[in-house]
């Protein structure tokens, strides 16, 4: 085990701690770990770099944390047998920057005075680094470089007695987006941030409560969907049943629009809406806004497929597989380095000449971030003989980075932050380019449009309106660099 | 390295040696191994259990053979650097039965008197075991349990001088289906069986010849397609250019129909026909033959997609993703054990309730083999609220096993060999079931129908008409078991 | 990575945290990590289960911790290259009980407010568990189950400003035996417990200071021995040179007698005395006390060799290799389980019949603990034809367990705690059995005998006089078990 | 698995195929594999690079071949359970040149027409490469680069019917030194070359016959020694008992003298003589021939120990451990590269200053090959304060390389082939240097001296008189290099 200690540059840059992740937890089921493994497998699209499960057997906690896919690491019986007990929580992880190292893989665990406590987190704390610095100053020792770990320390240091009070004490100190699942020697706990930016649902299997990032993790095991955990809600399951706490002042829910655009699996129901239907609606709305004359609709696989079907039905143009995906590689957004990302396209996609040759095609994609992939796909279509290539994007231009758990590049690498639509069209080399409008997105979601006073969704990537303070970010910008800090960290 | 020696039962059963594979070779290119790795990656759908590359650097042969995916094993620079040279051949492998062991992974290599010789094989020899027994009786020593190895020994034992003569000597002894690529210290060689059952194409990159199972392996590296290797043709590339030999009496080509139905990648062009277009045509023909009243067409992903698009367009019923596939597992047909195969469906597919609930759906699949997967998919659709489930299959009923390189179960496990269509419908639990007709298949291929005297395709799985003798199979049936042989083998 | 959390039974039993270890540190040398690896290799006899090195490159700390031998893990260039910097500390580890897990392998590291701090420890804290419990109660989070970790937390929580003050604050809270080497981003620090139970020497190479458990670690790299760190001394090396602190009230040094009997390498000089000479003197004294009539002196290899040479010279009986050791296994005392320990003898030793057959032999061993190995060796000698077998032990009967870093069984498994000498003789099956007397040990060390008021050595294993309080042990005996605690720990 | 094909230079040089190895076999015992593993462990000193076991369960052969030590690879129950059956053979391997690759690890196995055949070999064939070339010319395919494999092919190609006749046919073609153990589905076979150069003994455990390179492999499992296999004898064990064949014209036995000097374990009895006693006798004879005035006798550990004890007793000078060996590294002669060999000394040995300082010492070593190690040891003694260093060697000067299974450098790297004794003394830097005389060796063995007409031992390393033709060597010297062959091999 090699480790380098010292805050990596990217943590200082405010980039280092963000994760795009999936969480799962179950209480009271004899096959807790096996079910958690299946649940994480269904959430695999939320993070492919690492996964972990912590189970509690009534006496001891057991933990398995591994780099790689759930199916590769948690499908064998002997691994599950090392995770005995009838309560378990799990996590799949995709870390944005630098190396993912094993000690950062969740769930994290700590021995508190009252007993062990494991926690898994989807989201990102916008004041995590600020709290981390304060804790270290007070003598705390960090075992990871994740923002999640501050929760462990905050709970450990609370002066309250009951676990729930300590947990709420900790929640009151943090800002940002989170869906937590936690496990003590008595309880399963779940919490969603005050705006409900990241999703968390409650299900039930054989009478046992389940928490999961998406409903697809319930479906895989045949569990029943009960309800979404509400924004700002803390739920606790133990022998005595369930308790719900609302420790924050009430706010309107404001979920992240990106769950609908790209994150969630199409068969999930998020916030009561079918993701598949919403994506088809984005495509249909886009067709209404900017359908060109064309012979064929070609989705950029696989994330562009539902929008392309919706576009094709609305525009009454045939839907065809003009791009074939090689299933033996992961999806574009996931590759860890720019270099591999560029190689990726050739390895992942190929043109289906029989569909494309001599045709006017509409390429449908879910989003446009850096644009580097799009450049190659447009060129691949032209190489395969496409007569015209019209590029349509089922989300508005991304002009601002995310700080709530989505891996986005900094502004200067966002294509839409650097160019207007015509500039972007030239960059990707298409004959035309159009995005769905911001209001179009809201309409497709069933709203009349965006409510500028109380936006119904977290949409700062398109609008620049961040829903919470960005404490770490501001600290970084306002303070001189503390070089002495560079030589530390665990 | 553990090895068990002794002919495994399954070899005796005539089941053991068959493989579904992809082959690739390139001559004279400075990046021979890297290009071969990319070519194999494009052929990954033809075999995911193991892969290997042999390169020749002008002095020595270098070999890397690994269990697992091409991308997992051959994507790192250090592996490619261990394969220097400007000629290389490669192989991806899927073995039907028992364990795949490293010594069976191809290309195989032998030191002949005239120099080294490496060979990779897609197909299956129907007299491989018979020849193997004869060779062992004569003092030959086997390093693998593959049928391919007999080619090495036959070439080694030929009394001829020139390599081409020795190679043709060997070809004259074997029967069955094959596409070979071979590499000596001077030549790249390719050969296709007299009926052209298995495919092999010739391409060119930077002036260097390439042999590959499918055109998609040319596309990934931007190579130009030149022509198909003809049935019964042997091609040899060396410093002096290319030579073509036709050592067998001329026969009409009779390619395997399964390449179009299931094997080949949709963006490949096989025998001059776009696989995607043919699959859509299968779907359209099936719609003409048996379209039910329905609300929505749902493909069984991913192999049923093109036929479903063709069916939907012909029948004018909306095409929708009613089943979502989890991309983090391989495809159904590939799983090694029945047990995993059954688990597989839950891990791989999930119902998209938003599409299915309350609807009359048409499920489109490319083939029906054992039917075990179909049972679960139909049930999954009903669980998701489907009002009616109509199952349509874009190939005729499979009544006979294959012996030419396709993994099919023995007759007693083929659903269509045990039941009529109504029996099958009851088995899978659909409201209706229909297959495309055998003549329908030929029509979709552009023929007027099947020519019973000279069938245009190898189609014994549907008709029972095997195109070559089945020597090993007959030997097994006629001879008493030689138990003394069980304790041997390398 | 699998981890089980929850205080293992053996920690509760007071058995779990003890280690027999070697430490090494160097300050200011360009090859710090490579030299540390060589030093640890020379200290390999002090612990073979795991090893670790932490280096500081002026900006970041780098850590490599591995299970297994130093030579297997730290001999390759790429490992050393992952440990850049000109200061480093290292540790070899042998843990007594249960599994050794990676997170327990030292050096341990923590991020303090003032910067990183790594520490390695040889010895055992007799109040480690008591402090650990207090820290957890106050909100500290433990990353390991070692007693060493409490030092990290005590340093982190000190209210003092200067590192040396925080370090001394921490030392004041702990009891027991220790030789520490620590590394901050500015300093190398060493400390020896107030009685000097565990050894620590200061050396110099190319003008750079070195700390090591034994002088053999200086010899391997050609470093010069400067002096022993004194009991109760804290030394600090930084850019400004060296500082020595004596934070404790002065006491007479009282080193562990076991370093001379068994622990230290024979070529080391401990406390100014050659270990080889002392062991020969033990043998000679034993010969004076109890030499039998015999034909040949046979050492139990390898730890009995020097005493046997001394015995043979004093008694004027030929020294012969009557037992041959298989060098491809580790030494008896080291095997992790009783089961392997029993198997071990057959695998490790064999009788040299040519020496033994028909002879009256004296078997010379360094110590007698459980006696299980001795039983087998005596029997092996008789099987090889020995006429008489006289067993001589170059240390007194071990009647009490150690709590200062030596792995000894609990009292009920110590042969000498259960039997008198005649009972032990019967148990091992020898014709006669004798031990060196306690006073004999002191005489061989150059003393007039044991000073009962101020014993010159730590010798509780023979006398029951423990030199410090046994806080954890007493807490265990006096308190009810806290079952709630069982479910905790990191 | 990476493999490079093409005869490596060193095979062409006649250096590549030699091995120093140990063999073991047992017939009819329910724990055949476990006993073989223990036997190989006792033979570990004969080869540490790799080991293998083949077992036969009455129906199938099972093989495990691994790089590394027996104890590391064959001590776990699951490995032994993969080797069921009541007959087994095993091999430990040390290959002289280049990489040891898994396909060269023995036992080798082949499927013959009459059934499987496994073989393990200690020794070296002096016409192995010549036969290999002929076999390849005839169409044979090689799976390894060992000389042993030609035995498999020769047996396979014999036209005789009975196994024993085929085996003897093969023996008649080979020249050189060998001790073979072989296993068929019915028999255990052993064979020793016509001069008995390499040793092979017969033992018995629970009524089951055992073959082993040395008696120490019998002792470890408590087996009874029966007799040595005679030179030129072939023994076969099967259900009907034992048969002994003598297929060669009778010759006087002429065992390799190096087994006594260095190879065999001191507790083994080779050719009826205790190896320990013989080594002591070498030391005593050397003392009679050239004892200097000195204060202390210091063995070069561990191989010089018995000769040093004999020398010390004869010369009446105290025997002391002036050099301490670090047990956590292998022995000098074993290291694979010159570079590591040089580093090795510092890692392996250290001076015991307490013994050496100010003394006139006699260093006793078993042999002097390149002299590079001796240079460092002499220097180490002087650095530790030795007043005089007298070097004594318990074997005569090695002037000629071996071709019978011992790893020796070519002549130009043998110190004694380049220098006279005074030159060697200067090279190693000793105050005096002396070797035992060739006649002294014979006297210590109980002979009156060397019989020049019929030397009683194989001693070409000292005398240049090779006992068999060196066919491969002569072929290499007389023939032009066949470059075409360089590009071949399996």
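By written order: A, B, C and D. Residues from 1 in each chain.
In this section, a contact is a pair of C-beta atoms (placed from the backbone, for glycine too) under 8 Å apart; a residue touches a chain by one contact, two chains touch by 3 or more.
For clarity, every value in this text was computed on a predicted model and none was experimentally measured.
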Joint neighbours of chain D and chain B, given as chain labels: none
Chain centre separation in whole Å, for chain D relative to chain A (CA means): 63
Chain centre separation (chain A, chain C; CA means) in Å: 50
Centroid spacing, where centroids are CA-atom means, of chain C and chain D in whole angstrom: 38
Multi-chain contact sites of chain A, meaning residues that touch two or more partners: none
Chain pairs in mutual contact under the definition given at the outset: A-B, A-C, B-D, C-D
Of chain B, residues touching chain A in the complex: 38, 41-42, 44-45, 48, 69-71, 216, 219-220, 265-267, 269, 274, 276-277, 302, 305-306, 309, 313, 318-321, 324, 326-331, 346-347, 350-355
Residues of chain B touching chain D in the complex: 1-6, 56, 59-66, 82, 102, 109-116, 136-143, 152-153, 156-158, 185, 484, 486-490
